[in-house]
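The structures considered in this document are given below.
Okay, so chain A shows up in both of these, paired with chain B first and chain C after.
Then we have the complex of A and B:
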């Protein structure tokens, strides 16, 4: 995985300034834009296209707070996302109960359940942000993995036909 | 994405959906998850005194391939011994269901669930 922060020349941080991210993205997009490649050698043109694609990927990744959190965690503690993937059975039982609740809910119950899960998701993001600010990469990685089940539940609640 | 007929069959008519008593001594429960997609799978086996699996149940919240992988796994588990069950590989599930590369992790989840269920059963003996 390329370091999205390095690609954009930004310090790895959760509280990235959106304006700074946008500015860096636009500057680098101009710099590497394939349209300005006429007259360059084939190798330079290929390099330009590659850099341009990296810039696009990095921008897309860092704009999303969940992906940004994953990337910061990886900078703090390389390999932590993969290492913390197996969650304890107790947590998975809860995740299954949540999925059951989402699948079995009535239409009337939907708004309240949505609000409840959304609050949980927001709480996860706050705890992840705090862990990253305190340089606890592995803790953030565990919370990121756990939050995935809640984000999925929210998604399934809004879009139950997704196969 | 195009699912194979076998995946669709298991998805539409999942075999052995349900639960066994997780506190029973003869029952092993495996629960595993895939944080990449938020899928969670519970697989249970009931084992008799000779080490033969007499019943298997599953419950999976996930995509069609995850449901099909666990449904197929329960079919294969019934009637085998726990030693044979431990030999089941995700690649056999991939082959049987013609899973595409992006869905291989679903079969890995099923293999992990089988192993977790066997471990749980053994820890109770």
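Then we have the complex of A and C:
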């Protein structure tokens, strides 16, 4: 995995200024976009496509707070995402119950359920951000793995037909 | 570019279903290039008279009724497509289309066969000659536009057509994106814009953010098989029905009648853009004569489902852009079919605002392409165009499921690297199947290509690590490269393109993706359940071998594992039976304190997420 922060020349941090992120992204796009390399050799163009793709992919990753958190966690504690993958069975049971609740909900129950899961998701993001600020990469990684079930539940609740 | 050479002329070309044209950027803005008669629009029609030279453009269109089976129109609908789904189209075409090699369509004139690329190349040659004459210099380089929703094969085919026509295609640009350049170039229209582009054969909608010379596409959606031709067909069907009523039975129509019906339908459609009703007496040659009267209300009732499809695309694009309707600052209409009043009404209703009227729907795409051409010619660095991939790209994984690599609406260029290995000892080749589409199963997506990794060094199974990089370049075209991680050598790759799946299937899969979401989910759940159960069987077996359990527990676990294994070996096993066996096994292993087993089970549970 390419280091998205390094590609964009930014310090790894959760609280990125969105304006700075976008400015940096556009600067680098102007520098590397293959549109500005026509007439150059095939190798140069291929290199530009590669650099430009890295810039686009890094920007997309860092714009999303969850992906950004994963990347920061990896910088703090390399390999932590993979190491913390296995979640306790108790948590998985709860997650399964939540998924069942979402699948079986009535239309009337939807707004309340939505509010509840959304609050959980926001709470996760706050705890992840705090863990990362305190350089607890592995703790953040566990929370990230757990939060995935809640994010998926929220997505399924909003958009049962979309994937 | 070498510094001593003069900057070469690069034109922008809008290669349309119905009309094509070229434009050029000048210090005073872009302008379209006109022929000696002052016409900019060149009909995308090619005529092969029995004696004499091939005609292209207005001359060809003029001969369409006289030489119906030798006059080719709407070739763009066939470009880069497989033959399988063209049956419905071909029945209505006055000219003959046959299936050639690999099931690809070929236009047949006498004993000659032409690929759609070759016919497109004829149109491009004509555009090239009009441009060269207008500029008094030889034009050899161009930016060519395609519908944003064109897939990899259609883009490749368009590049091939340019090559055949002797044009170097510097870039493929999406039509709505090009139109937005023409609209936003002067900087007075910075903001979020929705471009609705309904041409003769294709529909696109793109949402862009324009800010200080940066044109960024946020989302795009569309249908490469929906356009004015389909509106014409609604009227043509009425003419045919009238004819059958008159003759009291199904009529076998000759090429002349088909061509006459098509032309009459088009003419009636155009009249109905201004009038509330239109009448036309139609001479169908041997098939006789009919008179059709049609009101605008009747016409609108026929095309309503088609227009509704475009509106659904608009809604999806807005949602994909993570916006709401109120975020749209401007609506720009492109393509001749946006002259149909119902289309304007529908787009106005969904966006809650009147579309802009200061953009010429016929010329905007070519003008925008010319502006992008100027960037590529190296004379303009003020513009930055950031476009997206219209359809997700994925790989076939276990059980015919598509695992997505690149999601739709990702900014291009974009790339993803995936690692592959071997399954048997000394395996020297690995097959990779690539699909484009949004659905979950391979059979519902368009197969883009089968790639074969060759020259893998002989090693035990699973040991080689082949990193394969999938890159979508700035043309929206896929490039693949591979490297063996242990030796660091570029693995030789043989690329086998397949056009086995067709564009209507892409369309179908988008339509069906909503309709069949639940079926998909069930199918995916089935595959996932089987994969999970298989992992559980394997994991439990391994754990049992390591664990030191009392014989009675070992026996019950072995028995249940065996039962589950048998269920999995039988393709006909029901999901419920498998699920019950999984539940039974997991409750049993769950009771057992030995953490060797429960950790193996837990692993099999978490691996799926």
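Miscellaneous remarks
The rule we apply is simple: the second predicted complex is superposed on the first by the 159 of 163 C-alpha atoms of A that agree within 3 Å, B and C clash if a C-alpha of one lies under 4 Å from a C-alpha of the other, contacts with A are read in each partner's own complex, and residues count from 1 in each chain.
Convention: contacts are C-beta pairs under 8 Å (C-beta built on N, C-alpha and C of every residue); 3 or more make two chains touch, one makes a residue touch a chain.
This structure is a prediction, so every number in the text was calculated from the model and none was measured.
Annotation: superposed three-chain arrangement on chain A; chain B versus chain C shows a clash. Once the two complexes are overlaid on the shared chain, A:60 sits against chain C while remaining clear of chain B.
Of the two partner chains, both chain B and chain C are touched by A:85.
In the superposition on chain A, A:93 contacts chain B only, with no contact to chain C.
Using the contact criterion defined above for the overlaid structures, shared-chain residue A:52 touches chain C, although it does not reach chain B. Between chain B and chain C, it is C that contacts the larger number of residues in chain A.
By the touch criterion defined above, A:151 reaches chain B but does not reach chain C.
After overlaying the two complexes on the shared chain, residue contacts for A:26 are found with chain C alone; chain B is out of touch.
Contacts of A:39 after superposition on the shared chain: chain C is touched, whereas chain B is not.
The intersection of chain A residues touching chain B with those touching chain C, taken from the two complexes, comprises 85-87, 89, 92, 145, 148-149, 163. Every residue of chain A that touches chain C in the complex is listed here, in rising order: 26, 29-30, 33-36, 38-40, 49-50, 52-54, 56-57, 59-60, 85-87, 89, 92, 145, 148-149, 160-163. Looking at the complex, you find that chain C touches chain A at residues 1, 170-171, 214, 372, 375-378, 381, 384-386, 410-416, 438, 440, 471-474, 479, 513-514, 517-518, 520, 590, 598-599, 602-603, 605-606, 609. Across the interface of their complex, chain A is touched by residues 31-33, 35-40, 42, 59, 61, 63-64, 116 of chain B. On chain A, the positions that touch chain B within their shared complex are 85-87, 89, 92-93, 95-96, 99-100, 103, 144-146, 148-149, 151-153, 155, 163.
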